[in-house]
Amino acid sequence: MAGGLTHLNEKGEAHIVDIGDKAVTRRRAVAQARLVAKVETIAAIMGGSLKKGDALAVARIAGIMAAKKTSELIPLCHPLALTKVVINIDVEDMDAIRIEAIAETTGQTGVEMEALVAASTAALTLYDMAKAIDKAMVITNLMLVEKSGGKSGDFTRL
Amino acid sequence: MAGGLTHLNEKGEAHIVDIGDKAVTRRRAVAQARLVAKVETIAAIMGGSLKKGDALAVARIAGIMAAKKTSELIPLCHPLALTKVVINIDVEDMDAIRIEAIAETTGQTGVEMEALVAASTAALTLYDMAKAIDKAMVITNLMLVEKSGGKSGDFTRL
Amino acid sequence: MAGGLTHLNEKGEAHIVDIGDKAVTRRRAVAQARLVAKVETIAAIMGGSLKKGDALAVARIAGIMAAKKTSELIPLCHPLALTKVVINIDVEDMDAIRIEAIAETTGQTGVEMEALVAASTAALTLYDMAKAIDKAMVITNLMLVEKSGGKSGDFTRL
Amino acid sequence: MAGGLTHLNEKGEAHIVDIGDKAVTRRRAVAQARLVAKVETIAAIMGGSLKKGDALAVARIAGIMAAKKTSELIPLCHPLALTKVVINIDVEDMDAIRIEAIAETTGQTGVEMEALVAASTAALTLYDMAKAIDKAMVITNLMLVEKSGGKSGDFTRL
Amino acid sequence: MAGGLTHLNEKGEAHIVDIGDKAVTRRRAVAQARLVAKVETIAAIMGGSLKKGDALAVARIAGIMAAKKTSELIPLCHPLALTKVVINIDVEDMDAIRIEAIAETTGQTGVEMEALVAASTAALTLYDMAKAIDKAMVITNLMLVEKSGGKSGDFTRL
Amino acid sequence: MAGGLTHLNEKGEAHIVDIGDKAVTRRRAVAQARLVAKVETIAAIMGGSLKKGDALAVARIAGIMAAKKTSELIPLCHPLALTKVVINIDVEDMDAIRIEAIAETTGQTGVEMEALVAASTAALTLYDMAKAIDKAMVITNLMLVEKSGGKSGDFTRL
């Protein structure tokens, strides 16, 4: 371990850390992202004539499929078999959408990265669909909300 | 187009929009993300005993490889052949790292999503490597900084 | 070429055929699939309380994303950059749904396989979502409907 | 669950359903597809001068590799580790080839989609190799043949 | 550029180098690998009862499909659209098989890595199929044989 | 089994062999590759002004990420969840670099191919970064070094 970073050895070289001796437990993580945009952009994504449109479904599917790709994207993540993925998308303020991603597995390592990748990809997919009308949107508050299972203990953002 | 969202047709159904008639031009986009963390976490990632470690290289590679996967992640993105990808990682404040991603192509559509995917993946990779010491890190200010090329005109964040 | 199959050489060995001398032209293909199921299954997928549900959107996105993966799935297909992908899903009979996939590119080879892969993946995704209520569904009439562009001439199914 | 579709919640939103509490059992599925073509096309694929050619091997490998990609293609499929995949390709009639795909795993969810994706991809790969001589081929009877393991009980097509 | 390595900037940081100003030319590369094994292993792979078996076809397909994945495997490779891929597998000596891979494109960058990835993957696939009878096989002479097209000039191994 | 090759059935047809009845055990494999180059090339990769550069980190990450892609590259490999991956890169001679890859899992099949794919991809990534200064580099001695776990017994290269 180098400087506290578990993914680097004492020489600072990256590796996938050994989890072969860790217990198989039920693990869960919840992450979120916030997409801040103009009021009209939020309305275009969430409401009005689009109520029956695919916009939120596309973002949900993107988040779900990205969760399954996490170990291809984050170089030092262990591959794992997700047992559940849920994406919730809600208006938080007139100018902000909140994306929540829930990931679960039964295995030897946690699913924090899967939840974070799902939340950021769903948010970026909303950006992609609305960027023709508003390039200045910002994704913020991309973070872990809670985590349970595994030896390192539970985490809940206060 | 539904409610201004170009990626949905008049019935609100998602599709990959036709770019067959758009001009082939040189296109460039710059995106950024900001990773906010405890002072000690930033130090562990950027400095001290890790100076020669792989931490930043892992994040750079993750961002570069993710840029190449953009059309697999963002459902309605057109596949395109990037001609350049650069990731810059710098300390912005004692408690924040700034990740910048530059993407370029010569083609019929822009590379905003490639730059954004690269920036968010590099930031999430730093999160992954440091999460054992600090689960409360937050990614913020994930946004397009500038964009040029193409008919919709240039964009520069003020 | 072995026995008329262009993808095999005179010894019968598979290869990706040389298209380096073919003209760059606008190319388009339309494929379809038909999902035959019980009347109640079709109703569950297409109508009633699901009218605002994600079912068709999930299938559309699956078809679109699969089209972009065609050269990873069909071993001897050339990689190409799609300029447009559309999936249309409609009730054809009380017991059948018709999936249509349209793919376009500007390049040296056709997009028949992209359209076929999109149609079959969208149909299989509907199967996946409804299989808990009806495992006996059948996909039939998976075929090319029309094709234009390229030296081999246009094709229209009569 | 919306309208009987287990992959949608009560609001009709897609998610990957929770299988964390399901039993780990041995699971098996058999699917098939039928490629209908001109007699000469079937002969070109299956026989004569091609007897030692790669045509069927290419289709078999395509089906096997696609089975391993199922959770990347079907958005709401759980990732799982296949323990066996077999593709059988036989002449069924003078104008039809039958493709059979067998998939097995030991896990918390079934492998119907893996078998179906394998069968359709093998059939589409045969189409790809023969399309220069016969664009009018049709894939039909793509369906589950039998399924065992898991709580929902066994299924055998009569 | 750091120490002559074009893929690193003056600070030693990896990036995908800018090829936006390079000419679009026809490019070709040939690579090879040599699989050295016991005489009986070579016989099992190449001959006798296996003459009509899939062994060489599986290796050819693996090499072809890997060539298309090169930019996913080699972090700093540009994505490109191959116009031709051929894998030739021949007995070189009683105890060695020679694998040759030919790759071509029309683009702004060369296809050396595509040819090398194809040759090594085909060789490793032969290893995989024969490892139950001979784990001591060695892959050697994995190298570029010739290269043409592009500004850096042609290369031919003497 | 055809001619001793377990991956082919009695008719010589490729399939993914059934491992459903094999025991779940701890499995480990070590593979290596040797990159032979001019003395100046080795110096450019390993030393001097590049000491703090990303060159070795890029190769390590490439090897690690390729290990996770093994079942996508080698057609008849079972997918499996790696519990550890380590890549070591060292100067072996003035004109040679040795790449060692270690892979581990707990499962029903071995990880020899994961270790070999990691070693070859790391070596090819070094080739990619240095090819502008030395196209004549050769990868040699790509082979299994040791293997443990599973019924077929341990293997150690003498």
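A, B, C, D, E and F are the chain letters, set down in written order, and residue numbers restart from 1 in every chain.
Just so it is clear, a residue touches a chain if its C-beta (ideal position, glycine included) is under 8 Å from a C-beta of that chain, and two chains touch if they have at least 3 such contacts.
Every value quoted in this text rests on a predicted model; they were computed, and no experiment measured them.
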(request) Treat touching chains as neighbours and tell me the shortest step distance from chain B to chain E. (result) 1
(request) Check every other chain and keep only those touching both chain B and chain C; list them. (result) A, E
(request) Mind checking chain C against chain E and telling me if their interface is mostly the same residue numbers on each side, over half, or mostly different? (result) different
(request) Averaging each chain's C-alpha atoms to get its centre, pick out the one most distant from chain C. (result) F
(message) Measuring centre to centre with CA averages, how many angstrom lie between chain B and chain D?
(response) 36
(message) Centroid from C-alpha atoms only, then distance chain A to chain F, rounded to Å. What do you get?
(response) 31
(request) Averaging only over C-alpha atoms, locate the centres of chain C and chain D and give their separation in whole Å. (result) 15
(message) Where in chain A do residues touch at least two different other chains?
(response) 13-14, 52, 54, 57-58, 60-62, 65, 69, 72, 75-76, 81
(request) Pull out all the chain pairs that touch, please. (result) A-B, A-C, A-D, A-F, B-C, B-E, B-F, C-D, C-E, D-E, D-F, E-F
(request) Give every residue of chain A touching chain B within the complex, in rising order. (result) 2-8, 11-14, 40, 43-45, 48-50, 52-55, 57-58, 61-62, 65-66, 69, 72-77, 112-113, 116-117, 120-121, 123-125, 127-133, 135-144, 147, 152, 155, 157
(request) Note which residues of chain B are touching chain F in the complex, please. (result) 51-52, 54, 57-58, 60-62, 65
(request) Under the touch definition given earlier, write down the residues of chain E that touch chain C in their complex. (result) 26, 56-57, 60-61, 64-65, 68-69, 81-88, 104-106
(request) Would you mind writing out the residues of chain C in touch with chain E in their complex? (result) 13-20, 71-72, 75-76, 78-81, 107-108
